[in-house]
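As written, the chain order gives the labels A, B, C and D, with residue 1 at the start of each chain.
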């Protein structure tokens, strides 16, 4: 599998797609999110696996997003996600609140190709009350006479999973380490678009030490190299988050004007650089 | 976590326990199975994850087993499992046939703490007809008017999972590499008893390269060192199966007498060695 | 440092540690703690430093975290019954121990939006014990009825639930929760607080025993442990907290 | 070696390769193959060597296997619709394409017990195409009705099923399967076989077209590929098969 450019990878995400993406502490596709802003993506439906952060807030602020399904949106230490918060208050975002294990469960159902899976908890929560697509049914394995209502969650198959991995190999296998929930998202999604720090020779699946952290090329539609592609978030043990930059983002993005300033400086500036490199 | 002796590990498996175990191509606890024969375990209920091989055939032949739940029992290249086959024909074994993905599903349900999970397929199979503990129900997410019956499988929580891992660390974490189904079995089981090739210093979970293949000490009740503990089966890339020995087992175990001869030579002989070492 | 005045965070950590060790509560062998909970983490590390066996799993560490199944392992562990104790907070918490992590005003937080529910709608049901913790103790946070229920404090009979809140710890006091009557009672008052000051700062109604003791002061031993081994353990996962509370920065 | 007579295994591999490439069948981009299936594996590697893009995943290799989720990934892939073609055999196979991997006589195989069903009861339903393969073609194996159904050949309307058998390849002939009438028809005869010899060796009834062609002989190109690049690819996963069929041993 030959890597394509970051801008070409962004072009593989059609407007309106249901896009699964990881939060800041996981394998965030920050560079790809900036490329999506540059390409002017519209109507994206974001799915947090299981929550969202910087990349989602950026896409929301740039007007790329119609809908968000997530268990939270947060910048972690840098505080609330300002563009998300503003959009919710303005009512300009369709928002489907979930709870982390529900998202894991819906993706695992899609991974297994079953139409639904049950989950404990949730009964009596307003999350459930606002999810007409979730059902409550009696547990069919409850002892006779017992009530035991349980929530049934439908399989959720994202159109695309995007994430930033530590490496890809020549076959298109990518290494995500212990972030197995991202492997599940890749399995559940129709296609995965992956940025990586670097491409290594050989086949990662033939190295027994590395294989457990691999997502097979079977699931990967395209790969682009994006060095420090998780920045300003961190990546596994490769680099730490850039807390100062995230704080700057959080401060600027408090207002529309500040957000535009941020984009001009850190997102759109990348366009000419990318064009020059292409 | 201080490793205990192999015989002490075998003593941790009570008679009558529901014991999940891997097949020959996975992480078979062959040395522990031999120790269980030596300790004269009785009434074990074996669960194949998702099938069984040499270790199970040995335990069946030695009279340690009351019941088997599995999707197959086979010695692979060495052919059918002779003591299992003989026990089924003699009717001395309670046997619950399953299909591989059903066992994975029942263990995943236990791993997630949900009472059941659905699975496609199976309808019209005699496997389903002989499983009164499995149910068929309409898919609650089917379009209105559609039939869409689907099988519901109950969570299956083994008392004990036994397997042979490549290494343990000082904390009791064990490394199983890409055999994630064994991680699931360990998560689903109440306790895991693990033999390992060796104990390494430090904490495997703090090494990002190795962590994806680790089962946390959270799930591990006890560890024993058993060098070449999978023998005569192979272990990952550490050593290949001993095909000649498996063929010898398959040949000898065709008869009761031959099986007794095998045990005298290869299983019970270990007792004096173990006693001498203790 | 040893002669320094007791900081409020130290007091809270000790108060939580005593709840963790409450002999009347179900046993706590394994506690999981979120990334944003340094005070509960300090409390649990203190319990360990006091010699009690307690496994402490910190979530969401980017590296060297205790999980190998990614972020779903925490919830699977809870499902398996392998997490005995969890901590939850809330943008709002009400007198029935309902928590709101979603927002105020109309759904889904048109007045003020919080980040979201995270895993609370599962964890609150499946963990035998939850300690609610929120430093801000004001009528804005402790409300008669949460605007939005992220996770309910109690559940009707027949709904599968392994536990409820054990207590609510705030910057002013400790409340004990009584699931059978879905009400809090005042357990102890932090220094400077009275029943009246707590009542004035609390939006919900709660029970007041005849005698409400002060929250016990940290002992010398507890303080020494907090400022010694606990601080060392906290340094890597919670560097900013350590810098602020313990005047101690990581060398890294 | 190139002048060597065509071996039966080579003939079968070529016959299967042509079924894989059948333009009337749903497209095969990804095929999964069990450990005990060297001839289907050779067929699929031949299809690749002929220049057709086909991903071939071999299960149950102890090392360097294509899966990173353990043995459940194969079934999950099938569930996701990412496996287009699978091979199944059977201790018994009947005229409705029911397969029996469990045993003969009373449940669960009191007369003769086979190893068991493996994943057949899922894979047969979720794979768009299954090629049934069994070298032994005798009334003992090809029966009017299997004693025990591991997986049914067809399913009633309303039961979720993505595909059925495409064909049954034996040591004597190739049958095509017609799911709409749940019957096999004779597609081609291997050298030395006649309609009558096949009928005599088959326990089930099947349709016989007016003209039954011989199974096409392997071409020079196919033989050269089988004995060249396919053999090299097969050497590591199927050493014993290569030694027997290709007179070639691994250096290891």
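Keep in mind that, in the parts below, contacts are C-beta pairs under 8 Å (C-beta built on N, C-alpha and C of every residue); 3 or more make two chains touch, one makes a residue touch a chain.
Given the structure is predicted, the values throughout are model-derived calculations rather than measurements.
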Between the pairs B-D and B-C, the one where more C-beta pairs touch: B-D
Mean-CA-position distance for subunit D and subunit C (Å): 59
Whole-Å gap separating subunit B and subunit D, where each centre is the average of the chain's CA atoms: 29
Distance from the mean Cα position of subunit B to that of subunit A, given in whole angstrom: 36
Chain centre separation (subunit B, subunit C; CA means) in Å: 40
Multi-partner residues of subunit C (at least 2 other chains): 63-65, 67-69, 75, 79, 126
Per-residue overlap in subunit A, given as positions that touch at least 2 other chains: 108, 112-114, 119-120, 139, 148, 150, 178, 180, 183, 208, 211-213, 236-237
Arrangement of touching chains [line / ring / star / complete / other]: other
Which chain pairs touch, all of them: A-B, A-C, A-D, B-C, B-D
Of subunit A, residues touching subunit C in the complex: 25-26, 50-51, 70-74, 76-77, 80-81, 84-85, 88-89, 91, 95, 97-102, 104, 108, 119-128, 130, 139, 146-150, 178-184, 234-237, 240-241
List of subunit A residues in touch with subunit D within their complex: 110-114, 183, 187-188, 203, 205-206, 208, 211-216, 218-219
In the complex, subunit B residues that touch subunit A: 105, 108, 112-120, 135, 137, 139-142, 148, 150, 152, 154, 177-178, 180, 208-213, 236-237
Complex contact set, residues of subunit D against subunit B: 35-36, 60, 62-65, 67-73, 75, 79, 101-103, 107-126, 148-152, 155-156, 158-160, 240
For the subunit C and subunit B complex, residues of the former touching the latter: 30, 55, 57, 63-69, 75-82, 126
